[in-house]
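Notes for the one structure printed next.
Lettered A, B, C and D in written order, each chain numbered from 1.
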Amino acid sequence: MTLKSFASDNNSGVHPLIIEAVCKANSGHFVGYGDDIYTVEAKKLFKETFGDNAEVFFVLTGTGANVTALQAYTDRFHAVICTENAHINVDECGAPEHCLGAKLIDVPTVDGKLKPSDVEKYLHFKGDQHHVQPKVVSITQSTELGTVYTIDELKALVEFAHAHDMKVHMDGARIANAAVALGCSLRELTTDIGIDVLSFGGTKNGMMLGEAVVFFNKDDVEYFPFIRKQNMQLISKMRYISAQFIPYLCENLWFLNAKQANGMMMYLYDELVKKAPKIITSKPEVNAMFVKLPKDVAEKMQKERFFYTWDENVCHCEEERRSNPHCIYRFMTSFDMVKEDIDSFVEFVCRYVGG
Amino acid sequence: MTLKSFASDNNSGVHPLIIEAVCKANSGHFVGYGDDIYTVEAKKLFKETFGDNAEVFFVLTGTGANVTALQAYTDRFHAVICTENAHINVDECGAPEHCLGAKLIDVPTVDGKLKPSDVEKYLHFKGDQHHVQPKVVSITQSTELGTVYTIDELKALVEFAHAHDMKVHMDGARIANAAVALGCSLRELTTDIGIDVLSFGGTKNGMMLGEAVVFFNKDDVEYFPFIRKQNMQLISKMRYISAQFIPYLCENLWFLNAKQANGMMMYLYDELVKKAPKIITSKPEVNAMFVKLPKDVAEKMQKERFFYTWDENVCHCEEERRSNPHCIYRFMTSFDMVKEDIDSFVEFVCRYVGG
Amino acid sequence: MTLKSFASDNNSGVHPLIIEAVCKANSGHFVGYGDDIYTVEAKKLFKETFGDNAEVFFVLTGTGANVTALQAYTDRFHAVICTENAHINVDECGAPEHCLGAKLIDVPTVDGKLKPSDVEKYLHFKGDQHHVQPKVVSITQSTELGTVYTIDELKALVEFAHAHDMKVHMDGARIANAAVALGCSLRELTTDIGIDVLSFGGTKNGMMLGEAVVFFNKDDVEYFPFIRKQNMQLISKMRYISAQFIPYLCENLWFLNAKQANGMMMYLYDELVKKAPKIITSKPEVNAMFVKLPKDVAEKMQKERFFYTWDENVCHCEEERRSNPHCIYRFMTSFDMVKEDIDSFVEFVCRYVGG
Amino acid sequence: MTLKSFASDNNSGVHPLIIEAVCKANSGHFVGYGDDIYTVEAKKLFKETFGDNAEVFFVLTGTGANVTALQAYTDRFHAVICTENAHINVDECGAPEHCLGAKLIDVPTVDGKLKPSDVEKYLHFKGDQHHVQPKVVSITQSTELGTVYTIDELKALVEFAHAHDMKVHMDGARIANAAVALGCSLRELTTDIGIDVLSFGGTKNGMMLGEAVVFFNKDDVEYFPFIRKQNMQLISKMRYISAQFIPYLCENLWFLNAKQANGMMMYLYDELVKKAPKIITSKPEVNAMFVKLPKDVAEKMQKERFFYTWDENVCHCEEERRSNPHCIYRFMTSFDMVKEDIDSFVEFVCRYVGG
């Protein structure tokens, strides 16, 4: 396969330094479940990155990171407040409800970002035995809609949540892309803002598999090992997960990869603005772009080079929906793309909808 | 680390051919979640190994394989019958109950093997609304006690279960070791016997991570993709899991690795029979051996070379327990051990309890 | 306590015929859990009311009826589609998610009524392993907003659901009030329309406690006894629940009580239209009325005669919210109210907000 | 039905004073969910009975009481240790595992009573992420085998549990029978011993339905209202449950009824010792008696007057099981039985197995 995929940033392979780290970890015997030198080293790097209070646990999937992070703070009668587009709400096949035995309350948003006022609406539930009790605010940075919370927006939300005895979880499947977009460090985006727990993803940014759950208060982790095991996120040969995080953090791969993916998206955007301006819906902030295409044209394009349909319900009226249906589609760039990949993709797009 | 660990067969690294397969899979872009050439190839190999009706799904951990396999057959009011030593009963931090919302009924055994009469005792539950309904019989091959079900024992159990409208799940975390011990093929141990679903493990036998759930009836898998995702066992870059199974099956690694581990255990046993006979409790059938050691001596040994305490409650009487306490300990061999490793370990053991 | 409560139709006592039935059931010994003559008689009456295929099971609470009814049709990866105001979504402290291990998808509505197009939006989830699978459409008749689905609206929804392999659950906590409003029989509202399962409530309409889950297809009930027991809805002395349904169905109490409650609400509405028109928001269809009151006035009123605040977020703008906040409040009538009760309440209301 | 049932103490009707209390509660309107004068009065009586720290919550079934009491102390990775005969383990259709998402560890016993050493075996689980964490010891007083823990046995168990950071739950479905047998007060059996939470049952002792969960430490109840609602144990017209407890406690009905049931069992035992001694297995301690009968004879008897088969697996050997099978059967007495009822039952038994 020579052409690169714009369907998702998980369609790429793995960065060579990550593969190298995995191979290097394959030496000798270690007691399982994290009692190895690679896990020790990776944990140290997380403390260097996020501060001394950061406690990291390695897990296996993004959904696994989100669910275990949320279970750490919720009893079965609690609620997690998130957006209607949140990965935990839409793309995890009900894993949060299934595993937590608790409820998600999802809030509609325009831009994928939760505001204090979205949470405030549910505060009257507090203390009333008929209602689930709001306990965690879960946000995604960068969001599922490709937007990025500013530092100030995050601070306001965390402050509001804490003032009402709620915790804040950040789904950071693409936190690297957000940090690059904001020009800030991972620490400025998390520790310094006061979030409580982070799903720190690397798979979409050049890692092989494995995610990290990072807690920012030492008191919160006492029972997490049981939660991780019970949710089937503990592996015996953990070193092959933790070793990946060593170059990811130590060699700044998280930054370099995300910068490349974001940069290529900006280049793609600039090219499409020039060559196919009518499909543009908004300027991308990270490595995702949402375009509007005629449904029949898009279907032909998807057969040639697959990408995802994002939203089928975007026509202004029933009339338009019948006569000339359009949908929203998503293009994504990956850490391993270079200008030639973009040029090839732009050529492909313009062949269908250029001019 | 130069010395190899006899604590568990998951303390070893990964076979070079597996690492090679992982590195080779790192080429180009593929649509995620299994839509790649490595997963297609691995699936084909599973059909060659287990027969055309075998449907395989790749998951992430042994516990994940067991839980999802069991969920495929159980509603929340069902029960799974297993032994009291079963991994699902003891070593999964309650994941089965937590994720299935169903009950395990665990049966005491002498040798870790379930018999039809153990299941029969619970048949009177059937149809009575006050009781969970027995639906799955779960067995481990080879067992947690290092024993191996014979083909005839398996056939009798499967026949009994099916006659009473129950399914049979086999936890095959060490099925390769069992097949080697019995001198039979994987197919003879599963498909030909009529079991319904298999947790096919490779991690304890030279793989990196990742397990396979193998169903033997096509009708049983319709909803399994949802079960896998909901239980956080689906990864985007699946090729790095599935690729490992290619040499594992194609190059007969499953057999060669297990044969080596079992063989080294037999050699260890022969040596200890000669040099430390009083610690022997029984002849190992696969790659695990259970020895009886004075507690105080064992504690010193564990500090030098770690191994697990298996059972603390083995003294004949309160008197013995106080004056001269002994416990049962487990030694395990791994796929990558050679005679020198065993000799070194025998020397270590004999230094404490030889003669 | 002489004044009657307009806070909820569950604030009343029990109809004398129901008390009489409970007392009459207190004779002699019967095998527990439903093996008694009262339960047999009540089951017969349900078949007379809903048709020969109707299978009834007695449970203990409205939430219990809803949850068990939904569990009968859902696996853990399924979704139930309902409105955002649905009792199951808001007022059951997460019992559905907790007990089903499945997800509710809640849809915003203007009038509390679900439309086929609300369900259609989620059909693209079908077959995709990342998403919960829509399996049940749950509606409330009459709705939590005091509105009533017409027979045609119900038919359209049922037809749509069945065409897409979904089941329809009706939360009939107030189905009697809806039937009276529509001038139709219970059977016309359920069996004849093709709904699959009904939570048939009586507590809000003059019964003491206990609800009934009515299935309309005999094939759907095989496992329901286990579901009921597992969800703690099975009582040993069931006759004291089932006996209540005998006069409720046989003496047409369901109809007479609902007619009285609805009628008294119409009288209350007529009086308030005349005497306090500015608080009216819409004409009630059954026994609930939603009024808009200045927040400070309402708080004084609630201290004198308690009623519930329904919605705090109804001001047109931030300006109004600060300077002159209003909220929506709910008044409800009960089966045991007579004109004098209404007159007394109208006098009370007008004392605060009349003219 | 003129003959009384010896199948279970839940086959009887309701004591006249209980019916009277229910009827008396049927006056006027009250805000639902416990905000009524009967619930206030009943709560006061519980404090008088169990001490000022006792906090009571009314629920609907015995299973509901057990499950909610256990959920108050357990997270999803915890374990509850009980006997293999425990009602929670055998007779609740998996409700505890289903609702708690946690594990029961059941221990075999000879007499239905748990000992500190039974719990001690699982202490090595503590702190190890692979194992569920023992958190609650659950005992039944009187036990499912008709035995009674002495005060000293209870004290030893509570002391052991607390010393190891575990809580003690008492399933008191028949606590009244136990208190009568021991000649002690309810308080001496619970508060004074230091148990943490009690399922206080009345249904088997002359009440209609409804149970009480009694906590002995005020700090433990903060979240219980949510747990009760989420587990579908909260009813709107609570007064009809709480009112029953008023005469039950105030008029000493709990004592008088249990004394009658126990006394009648002693009389039944004395008569059978004289007239059918060979069926006796042991002397009853409360109101349950276990007898050994030839299977074929018992089946005829059960058709004439139904009673439950308790244990089918009691023959000494396979030989006896084939040639002359016997099983264990249970006879129970109820609060409303008098000597004539016993005489009639003795005559019935002796007609089959006398002499």
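Observations on the structure shown:
Everything below uses one rule, namely that a residue touches a chain if its C-beta (ideal position, glycine included) is under 8 Å from a C-beta of that chain, and two chains touch if they have at least 3 such contacts.
All values derive from a computational prediction rather than experimental measurement.
Counted by C-beta pairs in contact, the busier of A-D and A-B is A-B. Centroid distances built from C-alpha atoms place C farthest away from subunit B. Work out the mean CA point of subunit A and of subunit C, and you get 40 Å between them.
Between subunit A and subunit B, the centres computed from C-alpha atoms are 34 Å apart.
Each chain gets one centre point, the mean of its Cα atoms, and the points for subunit A and subunit D are 51 Å apart. Contact with two or more other chains is made by residues 76-77, 92-94, 98, 101, 129-130, 132, 226, 229-230, 234 of subunit A. The residues of subunit A lying in touch with subunit D in their complex are 33, 71, 75-77, 101, 129-130, 132-133, 223, 225-230, 234. Residues 1-5, 7-8, 10-14, 19, 22-23, 25-32, 60-61, 63-64, 67, 92-95, 98-99, 203-204, 208-209, 226, 229-237, 240-241, 306, 334 of subunit D are the ones touching subunit C in the complex. Interface residues of subunit B, counted against subunit D in their complex, comprise 76-79, 90-94, 97-98, 101-104, 106, 108, 121, 124, 129-132, 312-313.
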